């Protein structure tokens, strides 16, 4: 692939030249009177440059995309019949070796004569290809550049041409978001489908036992290998619930206090300070939860005579709640501030106290927005990973006791994938199925939350 | 209070009732306000407990116990042939020289276990410090040099008071005889706490006293460079299109909904994406900042797009009208007038996105950045970790001195975050316009 | 408040220059007319209001009598709304706002230290320029006041209060079948009457109305004006209005404000027919404002 | 037709996949067991400092995961070495070979004692492997003496063995993804299992059933999967004096002030007892090298040299300092010879 950078540099040079000549020609056709031109000369230059570069680039990309498989096919068809008859696995290996031979990479064994011949053939094809590519790309660039150049007239709308291309680029950029979503869905979907072929989807969604102890190797006895994700969902919900019982009252009350009571100075200090909590990386919270909060809770538990697991859901949930406070408070603050002042005055005007105004007027009026904010926070809590990886357990307990250890969806994804990267046992596939569930659940939550928030905003706009 | 006899009929009774209820209502009001205060204080308390626990655990890591040892650089040991060849000098067994010097200091120590413990007072890195010194100046060979080398992490922990001297011997990492040696060294001024410069200049190490964050920091920086150079242009272009040019139709609606949703998708899902797409399909090298940067780009893109759109939205339409009114094309109006005005807002959004990327760990776990990498990465293809991942790794290490290092690394990470946010705030302050 | 209005304040019609035109200085803006009444409900003496550095109300003294409707007119930004908001201390909700002077409600200083704004506002209720029903049902809107103030012991009590308030506000017939509908779903005029009903449900002594009809169409305005006339039997009403016709129609006394000063207070008929102050005359004859 | 389409798909996948892969690498890439990780990283660091080569990159992926990555193929995009806390299996080697990884050098680096530990506040129980099997297996021989299997009925250690105290059975151990678990199953459960003759007989008759019996661990709370983070296990033991924990000897060694190793069949887990083989629960640790890479990746030979050198693997070597139990002298000599000659596994 070494020729590609050279080619790119050449193309760049070519299009720079095209720009220069385009500008010059624009001047010439206008007899030096720029006002006569439809667009500024620079646009004509750009126009020609884009004509020179874009088609050639497209061809280059397409070429590079297909070159490998075409050459490989040609090489494979040149191989002796005996090798061609091999199964796809073995054939792949041979092809891989040939390619490694060509690129000077490590080869699995001592290459034999056929291999060397094939590699030689491959190499020759590659060099033919390379030369051809050079020629084709440069010729296309030249021709297209010339075409653009020849179109320059006084009345030619160069700017419009350039702008439509730029517009196209912008559209391409904005579709990255869609591609990302598609990528996410595809990357978890295929593996999930394979997982659901091994484990029925109903068992996964409704099974009460999670114990992914399918044998690592064929000769090892696994345990029951239950893939019922309910304990994970329950654990996730338990921790989320604890987090929300910490975050919602504190976040909401802080938002109300700061919006309705606090003096400007207190607000100016307290609000950003609270928001610092959201900016702290989650790995820090995880460390804090595992080393400070969990031992503290365990000790105070044993002081009270309670049996507290050292990876209790309480510790993880508490710390996660801390992290979520600013999400709730900032978002609630936004919606509270969006409540029109006239409603406040209406209540004050009839002698409501501040708390009555807040509780009976502002809070109900802001409720939809607050619910949206809380849903967003819930989705954040469900997807949070590092805190639970570091502070929550692995034991899949189906319990509502916050003092026991539970495990969550994200913890299992990490343990299944980082613990062992076999990509074909249901065990690791389960991670992708969990990822899919996680994605869908948070997607649904976000969707509902954003819808509510948007509807709410419209109400007072 | 006022005699309400003047009030209209009906008013009197209602006023009396209101008065009667006031005490209760005032109490409720006070309670509510207290609750609000309480909530804010609890939030701030959480923050301060968190910061305090980190700082109190970690501040000591910025100092490191150094030990002064006198080493006789025996020519026979280092360079028996006297060639002063660099390769010979490199390969010589300096640790035995250091062991010899320890034996010289404590000639009475005997027995395999005790000697083991004695040698253990000096860090494993000492031999390499000595080597570097000798290689830099071969004329030292044959002389006796005195140099400061890092002490072992246990000694360091003791010096910093993390090991309780009064605990029973069995419950202590440092045994009584070792304690005696350390006290003697201290009395001879051979032990000293010095600023731990290595922590900032070295890569990861399995010895806590030698471990530094430079490698992780560079990995983070490379990752962020990749992220920034991709996500800023992409994000701004997408925002400009959506805000300025996009027609209102299903397609753009879809994009919008998509972006808003992606902003709230759990980060670990992006890790799964990176694993399945970038590693398994595109064959990118594992553990490379390039890969991490790509994953984080996708993760931060929605944040940047949303912030950039808000910045564009805040530019009043009159600016566009003014440009369009004198014959600029929409593209020109956007490019020359709207974007420059929105740029500070976009930059602020980008910095916030970068700060988010800086602290992100979970997706990096999925793509092989959880690894031991001692060399400081030199580029985006070199294997590397990132600062948060380093924190995660250290938090899992058995040696107790890593607790301190982990906290210190967290402090560095937080300092970086604070710096970035400060820049964002300053940018906003400096360029904020009210229309 | 349109900034133009403010700028126009000193712009006199070129031709019909009045003798005072060039000397509308501070000293000639002393209040003329009858600021005091016998047995007032509210008596204000030397009220000054500052918004930060802005001196919004300057040394105003004015009485509100029992059972009367007092209208306050004047160009935008003249301080009439600010003055109105002093009467039940709504200015407390505005940061940086400082009120000095004495306001006696039934002989008691409402700015006094031991005075709680809550019962004060229950006695001096306020209706705002823009109808601002709470986003709740019609019933709940009216019931809000009695509920928070503890004016009812049972749901039946409340039903009675709600019905009578809505009746007094001339709204009952229109909404009696849909009391559970959201208040914000009513028409503008109905919303404003709902807000008035909400205010009278707590049986205040004084109702302050800040341009209550400015957002309403003529028919709704007429209904509200009729309502004000009826309410006068029971409550003192202070109304800020931009419409001189409205002031003439509903009020017994009218006060004219100008640039934070109270220029003239007279019987309504007299003020409009025979103003005593040049500025008043200029205003009511439409020279500015 | 269908086959052709498949072949085409495979080929195009192969063709596009390494488009972005790098074609050279100047550092050693190591993956594998988290048990070997602390030892391998020490050697790597020493190697990186002592030579002019780059320090190898070591990912902690677990033995199985490491072998999987290791066996994915030959070429710089694949790791050179995988660490394993158990010997590679024949089936895995075959898998390797089908992917072109034909010549693999096995290096045994030493032993790791698997300690069963408890808090210092605990009751210093004397255990046998039979006790552990009975306490932890999912199915155990019927306590009434008949030769049938029943779901594990034991709740306390006293139920298992009358000589033990009446403490609730609660053992914190590694999850099944871990090599430590594999080793524990093989070294303790299988051995404990074999003390019952009728089960031992099953080994010949029905190997599968035998394994299912001996290697399946109870899932009713007696055994708690505590994750790979052994630090946390130590912390938990400290908090809960009645619980036992299973982890590697090096962790026990690091935390002697908090926890105590239990003797198994009368032998305490100690440096010496593991080294001389009298402590029954110890396992060898390995790493595997791709021979094809040795000549190509810079520093491979030197890294191997460093690892097997006396100052690393020797009795007073720095690995021993970290808690790795060195190989006996004669075994060390064979390993050292085999590595120097790069003898591949058959």
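The chains carry the letters A, B, C and D, assigned in the order they are written, with residues numbered from 1 in each.
In this section, a residue touches a chain if its C-beta (ideal position, glycine included) is under 8 Å from a C-beta of that chain, and two chains touch if they have at least 3 such contacts.
Here the structure is a predicted model, which means the values were calculated and not measured.
*Asks:* By count of C-beta pairs in contact, what is the leading chain pair?
*Replies:* Counting C-beta pairs in contact per chain pair, the top pair is A-B.
*Asks:* Taking the mean of the C-alpha atoms as each chain's centre, how many Å separate subunit A from subunit B?
*Replies:* 22
*Asks:* Calculate how many whole Å lie between the centre of subunit B and the centre of subunit C, each centre taken as the average of the chain's C-alpha atoms.
*Replies:* Roughly 60 Å, centre to centre.
*Asks:* Could you state the distance in Å from the CA-based centre of subunit B to that of subunit D?
*Replies:* Each chain's C-alpha centroid was found; their separation is 32 Å.
*Asks:* Calculate how many whole Å lie between the centre of subunit A and the centre of subunit D, each centre taken as the average of the chain's C-alpha atoms.
*Replies:* That pair's centroid distance is 35 Å.
*Asks:* Of all the residues in subunit A, which ones touch at least 2 other chains?
*Replies:* Where subunit A meets two or more other chains at a single residue, that happens at 290, 351, 353, 356, 418, 423.
*Asks:* Counting only residues that touch at least two other chains, what does the list for subunit D look like?
*Replies:* Residues 18-19 of subunit D each touch two or more of the other chains.
*Asks:* Counting only residues that touch at least two other chains, what does the list for subunit C look like?
*Replies:* Where subunit C meets two or more other chains at a single residue, that happens at 118-119, 122-123, 148-149, 202, 204.
*Asks:* Dump the list of chain pairs that touch, please.
*Replies:* A-B, A-C, A-D, B-C, B-D
*Asks:* Within the complex, which stretch of subunit B touches subunit C?
*Replies:* 1-4, 6-8, 10-11, 14-15, 17-22, 25-26
*Asks:* Which residues of subunit D touch subunit A in the complex?
*Replies:* 6-8, 10-12, 14-16, 18-19, 23-24, 61-62, 64-65, 68-69, 73-76, 89, 91-92, 98-103, 138, 175-178, 182, 208, 211-212, 214-217, 219, 224-228, 232, 235-236, 239-240, 292-293, 296-297
*Asks:* Can you list the residues on subunit A that touch subunit D in the complex?
*Replies:* Within the complex, subunit A touches subunit D at residues 1, 64-65, 68-69, 71-73, 76, 88-93, 95-97, 99-100, 103-109, 209, 211-213, 216-224, 290, 295, 298-299, 302, 309-311, 393-395, 405, 415-416, 418-423, 427.
*Asks:* Using the touch rule from the top, collect the residues of subunit B that touch subunit A in their complex.
*Replies:* Its residues touching subunit A are 18, 25-26, 28-29, 31-33, 35-40, 42-44, 46-47, 49-50, 53-54, 57, 233-234, 237-238, 240-242, 245-246, 252, 254-255, 257-262, 264-270, 272-273, 275-277, 280, 298, 301-302, 305, 329, 331, 355, 358-362, 365-366, 370, 388-389, 391-392, 395, 403, 406-407, 410, 413-414, 417, 421.
*Asks:* Report the residues of subunit D in contact with subunit B in the complex, numbered from low to high.
*Replies:* Subunit D reaches subunit B through residues 17-22, 27, 29, 37-38, 40-42, 44-46, 48-52, 54-55, 57-60, 77, 120, 229-231, 250-251, 254-258, 311, 316, 318, 321.
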